[in-house]
Each structure stands twice: as C-alpha cells, then as structure tokens.
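For reference, the structure I am asking about is given below.
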Amino acid sequence: MKYVGQGRGFPLKIYVIGPIVLDGPPPDTVDVYERAAPPGCEVEVIFLDRGPASIESEYEEVLAAPDVVAKARDAEARGAEAVVVSCILDPGVPAAREQVSIPVLGPAQVSMLVAAMLGPRFSIVTVLERLIPPLHGLVNLYGHSERLASIRAIEVPVLDLRRNAPQVIKALASESIQAIEEDKAYGIILGCTALSGMGKSVQEVLRQRGYEVPVIDPTPTAIRLAAALAAAGLSHSKLAYPFPPEKRVAGYPDV
Amino acid sequence: MKYVGQGRGFPLKIYVIGPIVLDGPPPDTVDVYERAAPPGCEVEVIFLDRGPASIESEYEEVLAAPDVVAKARDAEARGAEAVVVSCILDPGVPAAREQVSIPVLGPAQVSMLVAAMLGPRFSIVTVLERLIPPLHGLVNLYGHSERLASIRAIEVPVLDLRRNAPQVIKALASESIQAIEEDKAYGIILGCTALSGMGKSVQEVLRQRGYEVPVIDPTPTAIRLAAALAAAGLSHSKLAYPFPPEKRVAGYPDV
Amino acid sequence: MKYVGQGRGFPLKIYVIGPIVLDGPPPDTVDVYERAAPPGCEVEVIFLDRGPASIESEYEEVLAAPDVVAKARDAEARGAEAVVVSCILDPGVPAAREQVSIPVLGPAQVSMLVAAMLGPRFSIVTVLERLIPPLHGLVNLYGHSERLASIRAIEVPVLDLRRNAPQVIKALASESIQAIEEDKAYGIILGCTALSGMGKSVQEVLRQRGYEVPVIDPTPTAIRLAAALAAAGLSHSKLAYPFPPEKRVAGYPDV
Amino acid sequence: MKYVGQGRGFPLKIYVIGPIVLDGPPPDTVDVYERAAPPGCEVEVIFLDRGPASIESEYEEVLAAPDVVAKARDAEARGAEAVVVSCILDPGVPAAREQVSIPVLGPAQVSMLVAAMLGPRFSIVTVLERLIPPLHGLVNLYGHSERLASIRAIEVPVLDLRRNAPQVIKALASESIQAIEEDKAYGIILGCTALSGMGKSVQEVLRQRGYEVPVIDPTPTAIRLAAALAAAGLSHSKLAYPFPPEKRVAGYPDV
Amino acid sequence: MKYVGQGRGFPLKIYVIGPIVLDGPPPDTVDVYERAAPPGCEVEVIFLDRGPASIESEYEEVLAAPDVVAKARDAEARGAEAVVVSCILDPGVPAAREQVSIPVLGPAQVSMLVAAMLGPRFSIVTVLERLIPPLHGLVNLYGHSERLASIRAIEVPVLDLRRNAPQVIKALASESIQAIEEDKAYGIILGCTALSGMGKSVQEVLRQRGYEVPVIDPTPTAIRLAAALAAAGLSHSKLAYPFPPEKRVAGYPDV
Amino acid sequence: MKYVGQGRGFPLKIYVIGPIVLDGPPPDTVDVYERAAPPGCEVEVIFLDRGPASIESEYEEVLAAPDVVAKARDAEARGAEAVVVSCILDPGVPAAREQVSIPVLGPAQVSMLVAAMLGPRFSIVTVLERLIPPLHGLVNLYGHSERLASIRAIEVPVLDLRRNAPQVIKALASESIQAIEEDKAYGIILGCTALSGMGKSVQEVLRQRGYEVPVIDPTPTAIRLAAALAAAGLSHSKLAYPFPPEKRVAGYPDV
C-alpha cells in the first residue's frame, strides 16, 4: 500500500529566534535555516532588540532570555506554528513555553535526543572550553549523562567562527575523531548554533576516515523537528509550562 | 527574513513495516500512517511473510524480528530513505539498523524522546498489563527511567482494539487522567501502535478535563521524525550498528 | 582539647538579593534573614530595580535574572564576601557566579544538599502546583532525583502567603505529614523563600505528630552556609564559571 | 554446628543452549560446561536447527532467538530444571522466559551481577569492537552503567578464537591489564562465551602481574548460578514474563 | 551431549556467621541453612563472642562488625572456602573481605542481585519500619535504586518472629501482595535473615492469589551462591579489598 | 537594609571525634580544627579508647565505629550541639546518628555536597590507592556518581603524611592538576582528614597554574557546616535514624 503525504498540518510557519542583537547584516547561518525547512514550511528568522551580540556565557544567556520570551509571544501572535531558539544553551526556552501554546524548541535538547536515538553514546564538540560546564548542566537537566561520551572544544570565539570556515571544519573533525577514538563516541553534536551548516562537511571528513557517524547540526535539526511536531499537533505540556500570572514588572518598557 | 522551505531532502519515500502477518485486509491504522506523511513524502506500508498475527509478548517480538530485518533491507533496496517498524516493542530495530544505512526508527524510542522533550515526566498507557514489563525494559534501555511517571494498561487484547474505538478511547483517557492526577505525568504516550490515530481524541478528552498535555501517537510521530531525519541526511551511527559479517545461516530459506 | 573559635574568616558581610521589585515596604521575611546570620556576620538585603513583583513562573525568573547578576556584581564591589539569591528557583545564580569571585548560593541547591545530608529521601512542599515542574527541573539539574520522595503544593499565591501565616503553616504541616506517610519522606524542604521563618513552626507540628524530621527553611539555611563557605575561603569554581567576555549588549541601559 | 549438604533440590538437569547451528563437531568449549556442573547436576548441551553459525551481531542474535525459545520449551518438556543460553548477547532470553517456568539465564546478565558483587567497577573484554555497542545496550538494560569501567575488544573473529588459544589468552590479559590500570576496573568479564574456559588462565596472568581480581567465565558461571537457583526453587517472575497468548504464526513450520 | 557434574571445586566448606551473641540455643533458622547446602558442601554455623543479641539498627550492626571480621578470618584459617554473614544489613562484609581471600557474601547484596535477575523491579518486605532507611542505603550502595519498587515492613521485633510463624507468614504475604498490586513489584526479598525458611510458604500464598513471583530467602540464597562462586574459583577482588596494614589496635583483646 | 548577626543559636559547642587511639600527642591537624570554628563556637577534640591508630582500610573503620558511637553519645551528654567524626570514611556516622539527636556529620558526605555545590564535577585526591574503592562506595551511597570526575591517590601512608608536608602538598597539587586537565574536574576534595589544613596551600599552587578551583579541606569544612546546622536547629531525621532498642550486648564492657 502506497500513500503520498497529504500534508496534514501543512503549510506551516516557523519562527527561528536568533537570541542576539545584530550589529550588521545577519550571519550567513541564516541561509542554512532556509535549507532546513521541509516543503510547505515557511521559516522566518528574527533577532532580539534587547540582549548580547553573541552568547558565550550563562551571563549572556540571562541577558538574552527576556526578549526571547517576548519574541516567542510575538511569533505566536503573528501566526507561527512553532518557534526555535537558535542557541546551544537553549536560552529562555522554558520561560517562552509558559507564554505560548505552540511548541518552543531549543537546539540542545533536540540534538541530544536525536543523538541518543542514533547511537548509544555521543560527544558534543563546541567552540569554547568555557561552554563545557553549562553544556554539562544541560546534559544533566535533560537526563543524558549516561549517554555522554565527552564534551570537547575547538577554542575559537563565536564571532570568529565563520571567517575561516575550512579551518573550523578541520578543527571540528579533529576533535570529533578524538571523541570517537578516545572517548568512544558513536555520534557528534556540533555544540554551537553558529556552526550551523558545517555538519555535512564534518561528517564527510569523518567518513573519509572510515567513521560513518551522525553529525548533528543543532538548529537545522531543531527546525525539522519543530515542523514535525507542529504538523502532528504536538506541543509542550501546558500542565508543565502553564501561563504565568499577570503581575507588575519593572524595568522592561515593553513588557 | 522569510524563507519558504525549498524541500531540500525531499521528495522522499518511507517504508512502514507492520511487523505482523496479515490474515485479511490491513488494519485501518494504515490510513493513519498516510495522514502522518509530510508533503513530498511517500509512505509505503508493508507486512511480514514470517511472523505472528499480532505482537503482545516478547516471544512474538522474537518471531517477528528476522523478517523485519529482511523487509528493512528490501525497503532500502527499493529506494526507501527511511524505515519505521510499527510496533511499540521496537522489534528488530537494532538488527535492522545493522543491515541498512538508512534510518530505522522504532515508535517506542521516538515517542519516549518526544515525550521527554515536551514535559518533565510522562506516562505510557498501553493495552495489556503483560506489556508493562517489556516496556519497563525499553524505558531502561533508552535511559528514561527518571522521567517515567508510570505505565498503565487498559486490558484490551490488540486484535479487539478497533472493534470498539469509542470505549477504548474512553478507557485510554481514564487511565491518562489517573496518570496525570496520581502519578504526576505531564504527557502521555499511547503504548501500542494499534492505537494509532486515537491520540487526538484522547487529547481532546483530557483538554475538556482541563489538562492541556501532549498525547503521543507512536507510529505517526515516528513517521514524521523519520522524514525529518532522512531529509536532514541523518541516520543511525554505522559505527554503532556495523554491517554483519557474511556467514552461513540455517533454516531461513530466504536469507 | 578545647578551643574557642577565633573567628578566622570573620567578620564578614553577606548580601541577600531579594530577586523582586518592591511595591511597598520589604516583606517581613527580611527579619528572618537577620536572625539567620551567625555572630560577626552582617547581612544586607537588597531588591531589584528591574524585574517582577514576585516569582511564580520560569518567565518571572527570566525577568529577574539580569538584575540579579548586576546586583551580585554590585555586592562584590561593595565588599560582600558572599551572596544569597533569595528565591527557590535560584534565578540567575550560574550567571552571577560568572560575574564574581565570591560564593553565590541559591536556596534550592543549598536546601537539597542539606536535606540529602540529613536523611535518605526528602520532599519539597511548595506554594503552587505550577512550581512543581521547574522544581523537578532543579532536582534533576542538581542530581537528586533518586532522593526525592515528592514535591507537593499548598496552592496559595506568593503574595497572599503572609496574610494568614497560621493557616499557611497548618497547610504546610498537613502536606508534610502526607509526604512522610504516603511518599516516605524523611525530611522536608519549604519550597518557597516567602515561607522563610515558618520552618520551626512546621517542624513543631510534625514533632507533636511524632515525626522528628528536619524542616529546611531555604533562605536562612543558605545564609548560614554562605557564611560558612565564605569564612572557609571556599567559592564556586571559576574554571566552571569563568568571567564572561566583554561584548556589546543592547537594551540594558545600566549594563 | 556443622551440617553436610543434603542436596535438597538435587539431582537436577540443566540444558545449555548453544544458540548457533553446528557445521561440524561441537566446539571444545562444551567440555568446559561439563566441568562447571556441581555434583548431582547433569548438563546437556544442545544446538539450534535454525540460526547462524556464530553470533557476532544483533542481526545474528535475531536469527537465533526464535529457535532458542523453541529449544528452551523442549528442554522444559524433557525435564530440564533450568536453561542457560550460551551467548554473551543473551539472545532470546526474555522470550524464552515467557514460554517456560524454569529459570532461563543469559551469561551477560549473570556475569554482570556476579562482577558487581565482587568489586565496585568491572570491565568487559570481548572479541570484536562491533560487539561493544550491543554490550553497552545490555549494560544499560541490566542497570550497571555506573559500575562499568570499560568495554574493550581484542579484535579476533569468533570462529578463529580457539585456533590459537595461547595468543588469545595473552591478548585478553593485555586488555584486562589496561582495563585495570587505565580504566580502573576491579574485575573482568570475558565478553564472549566462545572464550569459555580461558578465565582461569587470564586470571593467572593477572595474578603474576600483581592483580588479584576475579575473571568471570560467562557460561560456566551461568551454569553454576542456574543450578543454585533451580535447587532453591527460584525462577524468573511469571508476572514479569507471562505465557504468550495462543495465536497464528506464519513461516515457522515447527511453531 | 550429556554430562554429569564431576563436582570440580567440590567438596567444599562454607561458614555461616550469625552476627549475634547467643543467649540460649541457636535459632531454628539454622536448620534452614543446612537444607540450603548443595551436595558435597558442608555448612558450619558460628556465632559471635562480642556483639548484640540481635540486629535491628545500624548501631547494632556496628557492634557486630568487628567480631564478624575476626570470625571470617578464623573461618578461612580453619579451611572454609566461603563465608556468608547472615544478617540483611550485611554487617562487616567489606571489612571481612579485606581480611580474607575467600568469598565473603552478605545476603542483602546477593538477594538484590538475584531479584534483579528474575524480574524488572522488586520489593523488600522487612520486619521493622526502622530498618527501611538502612535498607534504602544498601539499595543505593549496591546500585539498585531504579529497580526498587518499595520497602515495606510487617512491624514485628526480630526476637518475636519465630514465636508465631503462621501469623508472620500471613503478614509477609499481605505486604507482598500490596507490593505487587500497588508498588508494581515483580519479585519479593524477605528483608530479615530471621525470616529464613519462610520464603517457600510466602511464595505459596502468593501463588494461590495468582501471583507466580520469586520470593527470595536471603541467607539460603547467599549460601547457594557462595557455594557456586567458591566452586568456580571466584572471589571478591583483592584489588578492591586489599589486606589491611599491620597496626596497633586498642581495646580489642583478641585482635 | 543592614543587619548584624545576633548570633541566634550561638554560642555553641562542637565535638570533633578523632576516630583513632593516640599513641602520643595529638596530631597537629588539631590546630586546624580550632581555626575552623566560627566566633561563638567552642570546639573540643576527643579521641577513642578502643580502635586503631589510624584508618586506612574498611577493617580499621569497623574497629573504630563502636567507640565513635559511644563518644558521640558522651558528647551529647556533655552538652555538645553537634559532632563531627574526623575521618574521610565517615566511620560510624549512621550508627552515631541513631544514638543522639544532635547533628553528626562525616567529612566525606559534607565535602561531596559542598563540592557538588561549587562546580559540576569534582575529583577526590586521597593518600592511598587502597582507599579508592571504599571512597567509590561512599560516592555511590551519597549519590554523587554522576558528578565524580575521578579519585586519585598520592600513595603516602597516613602516619607519614605530616612528616614532609611540602612534598605532600606538591603531590596533592600534581594529582589535582591531572584531575583538572585529564579527568575534567572543576573542584578538588582532599581525600583524607589527615591532610586537614593543606587545602589552602594546594589551592594556591593551582591558582598559580591558572586554575581557580575550590580545594575542600574535609574536617574544617565539616566543622563549619556542623556549626551552621546546629545554630539553625537542624539535625538528621530521627525518622531515618531512630534510637536503637535496648538489648543485651556482649564483649563491650562499657556499653
């Protein structure tokens, strides 16, 4: 019996929130997001008005979170059927889930779940050593500590990443190979959304080395899963993330 | 910035293996699978030549598994980009992954990962008490024991399920409500793929009761995730599931 | 051999950040904080300029966090030797740890560690059902899921708590007794810092019932531990919480 | 007070199922099984009619499992008091437990439990890298991930193992020493039942190196424990492994 | 191929240490131990010179432990091939393992491992509520917390247990049935070695109720496993339990 | 609002039990304990009449425990408000908790909880390899296995430690650096109470190496926490550690 997808749940619209304030044109990772959208799925990328220029610390995550929530609420108001917050620290995701009914996904949670599905242990290769402790926190929070092989870093600041993509890919592949050989990883998560789009190239280097393992590009993967959930009519539990009470708030002119 | 999905990775073809031998016409859950396919995704449902009429035990899972693997290999040979094995015990999934390079997903693993993403604790509501121990085994195997609120059963044999759908839905909703109120679940997995398509109705009963929680329909959800992974070029780790060696096999005429 | 404490590490000064904006006079829990300070320890309580009037959701936690970090930095600049963030969701604690070298403690983390030290399993009795999922998140994050007996709620909004203290104490004791008898708890954490000071009264009701169990008052306990750590010269690992990089931040006039 | 065992529960008969089809004479590991039987215990070794020539993959495990169940049922019918399935992947064990009331033991589960009893952390030294992921799966399934130091492989195909026993023993000892020194193992499980009988030799090499650690020979150990359980009147829970329902099965002429 | 056990490793001698001081004749549980010995296995039961009359607290465990170690050393000196310490709190077991090379087993550790082998979750039914916290400690220490369904107590002091065996059996069965029905246990451990010999009777009551589950009698099971390990030449890891250094000890005239 | 600590709960008196018998003058670590006492806190250090000269094994722990309990009971009788048992194996702590109502703390449990509070993963650096397995047992018992980076040893006998403090500090720092760089620890626990007072020096060496991490001195930290808990009116749960029953005890003249 053969069926062609009738597209139940489609067309649909997904907002990707880049949880940073832009200083110039948007980063070219944005092109990657477009390519991640399935047919019948429109992707709109928006950025913050209040927040940091990039997120490389828990401090910057905290600065980004309030406007992430506001932008998620806006997105739902403008007809979005799902929201993806494009930063590997998943900033503001639980809070945004409280404010809306549509699914809000963070790339860290999605990537770890997908990695856990594709092999018994995975490693995360991120940009900076300093991101390792907060990523450890997320691994614990999301319940994957038994499946984590290691977290490794290539030590390149986020804003320098895309200036020299070939070298970054080489460094990512090199750490991934060590993760496979020394830490016994069977899959790799790219541990920064600014690496979006590099997954396939890293995967190709590993394949040439003889390692056929999944390399997960966090934001594109989160976009695809957001589309899948939204089309299925699935969202986070509002019992777990209820709407917040109305209340006086000071110091946020737009709240 | 707005983008419309270019459908990179689409069109694609997914095979759903019903891991049972048919005695008559296929069950009407098959219609449900069609509706789960995203645009540009063709779904073909196939059944076994060797195996049991339904799976309600680990014994029947074992009888089904060899032909599941053979059918997965056939599916890849015929151009499938992904395979879903439609039974909540995920029969033969690791073995099938060894034989092919395309992603092979089991609805139990997918549903638990999605449930874990949408709330802090979930319950599984299955058909028979006797499925609870093997489902406990899968919960441990997939690493979700800390997130499991409970596994409950409505005690209806698989082959009787669709004769009286309204009563089954009522029973599922009743156990789900107890899972929420007594076991502190924040989301529900329907614990049998023969319940496919009943998720929305159960979710609606819960909503009327005031509980806005995800109710996960295992096979449709697995189909949507399989499409998402296949389109992203992600599959299971061949380092974790390498091709088996060539070897003499007795008693399986078609192997 | 007998020794009298020479007070090495004393006198010292602790700042308690009430992570809310005040609408009128400070809540009378503030008196409780004073009583928690050991001899030679000065406690200063400060509130936010930017944030919500109370914290009953992850959303409000997100609104509070940026100014919590700013106030922690101020506290260190003004000579504080330790900081306690007085809210059971520990808002902004990891981010604040990045910005300073002095210990920053959250009452949830401290209370769970103390409860784990005093008996094999504990329950949390909080104010609202809606706080249960984020508290579950913290239990997982801090690694206590095997020791958690239950999280229960008395269902009274934070701002109403102190209007009728005797009834609140009665409700807390009643849920604690159920936690002991039904959920097999051996200790109780009061799951909201607005309950500060009620611990002794609840403990007394339990004692009359025949249950000699610790009832942990989160903020006073955190103050005492903060003093102990600061005097010992112990703080959080700066390897785990390094200073954030300098970077452009928009929308926070004072950052 | 001194007592001599009256042999309550003895004599008894154990069937060892070699879950492979033989091509010639049985492997000499069979002699080892004999030596493992306690006084008053008869051991009968049987092989499969349907299945692979050896098991080095999850695929081959799946091919073996249906006939393992049939042979376990036969064994009980012929008066066996316990069954051991002699393969480190424990193929078909849960399914066989459903079909019979006598204890059915797999050497992986038994070995891990014995290893956990004799020291705080253990390593598994197996034959092929490709067995490491399924062994990781069993470690998780049986709940030993916190006690696992490592899984290592000597990289020799199963059917070549016994051609050069001295070299295999040397390789096993070498990996065991690395497991002790680098991975902090306190005991070793031989991770393939085709290594049966080599335990003592490996243990001797380790002893000469100064390491007095248990080296567990999986099938002999499982035989001894099967005898102990059967004599004690203990078997698996039929509540957890109930008899399967009667049902049409296709493609298995003898089922 | 059939083999009759040649009894390799037999005959052997096991010492059971009753970790209490006797006030009169030994308890009749001693008869039970005899019946647990396999053919060719001699069992000698010895009691303490220094210690409490029974063990119902961690305090009494501490009083018993020093002489348990001394008696284990004596047992090895007198030719024992294994030692079982007959108390569900496993008093002095790790310390005794340091002093000897022969296996020293505690019934709690053995029973939990056997229960874990026979079903996915088990309950312990003990004599007194006050034993529940130390048993929780052992469950954590031995790594079974995910498999524990519950610990229940019948509330009868140890020294009264055998005066009214039928009532005790009835109470044990009643708590076991609740463990099965309410706590979802699939097997039962009798949580006090003074209940030795009652396992079969409890199992029979459960069977009549329709529950075919293992009921584990701790000391007899430990004796059978001790015989199995000793005959196999397996003991605890001396790397994990090395001999203690020679050193001055005060206050123990016989040390 | 500023407050100066009124010293509620102060003055108070803490007994430190050195769980060894002295052969000559007390070790100079005793001076360290004095410095750890906060203002208004008197510390009295007492030693055992029955027990070993030092504790380097589980055997010696067992020899120490009975008199630890007796001394804790004496301490309470003499007006102590808290007790610290100064040995990293926490000998007799649960038993002592049964005998008294005042808090009894062990430095291992306290140190692990403090380390868990200050960073995501910690290592323990102890004196002898042979202490690693019992420390692993405590890590499991106290529930920190997910947070443990490693346990390392400098291989110096306890009684030699203080003869050459500079070399010991150098060795501790060297292992700590390896724990940080190779095992990914973010904090260090000194794994022997005879190292008391060396924490600051080790921390200084690490700081010069660029690692700003907490180095926890177990007994001083336990003294500070004991004072904090006692002043707060918090003690262990008597529901978890009830008073033992009255009972005949043989061989302990003073019990």
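Here the chain labels run A, B, C, D, E and F in written order, and each chain numbers its own residues starting at 1.
Criterion: a contact is a pair of C-beta atoms (placed from the backbone, for glycine too) under 8 Å apart; a residue touches a chain by one contact, two chains touch by 3 or more.
On a predicted model such as this, the values are computed, not experimentally measured, just so you know.
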Intersection of the contact lists for chain C and chain E: B, F
Of all other chains, the one whose Cα centre sits farthest from chain F: B
Chain located farthest away, centre of chain A as origin (C-alpha): E
Distance from the mean Cα position of chain C to that of chain B, given in whole angstrom: 43
Rounded Å distance between chain C and chain F, as computed from the means of their C-alpha atoms: 25
Centre distance in Å when chain E and chain F are each reduced to the mean of their C-alpha atoms: 31
Residues of chain E engaged with two or more neighbouring chains: 119-120, 133, 137, 140, 143, 146, 186, 239-241
In contact (per the touch rule at the top): chain pairs: A-B, A-C, A-D, A-F, B-C, B-D, B-E, C-E, C-F, D-E, D-F, E-F
Residue ranges of chain E touching chain F (in the complex, touch as defined): 21, 23, 48-54, 56-63, 65-67, 69, 92, 94-95, 97-99, 130, 133-134, 137, 140-141, 143, 157, 239-242, 244-245, 247-252, 255
Touching residues on chain D, where the partner in the complex is chain A: 132-133, 136-137, 140, 145
Parts of chain F lying in touch with chain C, wherever the complex brings them together: 1-10, 26, 30, 33-46, 101, 103, 105, 109-110, 113-114, 116-120, 142-144, 146-147, 180, 186-187, 200, 203, 211-214, 216-217, 220-221, 224-225, 227-229, 231-241
Footprint of chain A on chain F - complex, ascending: 119-121, 146, 184, 186
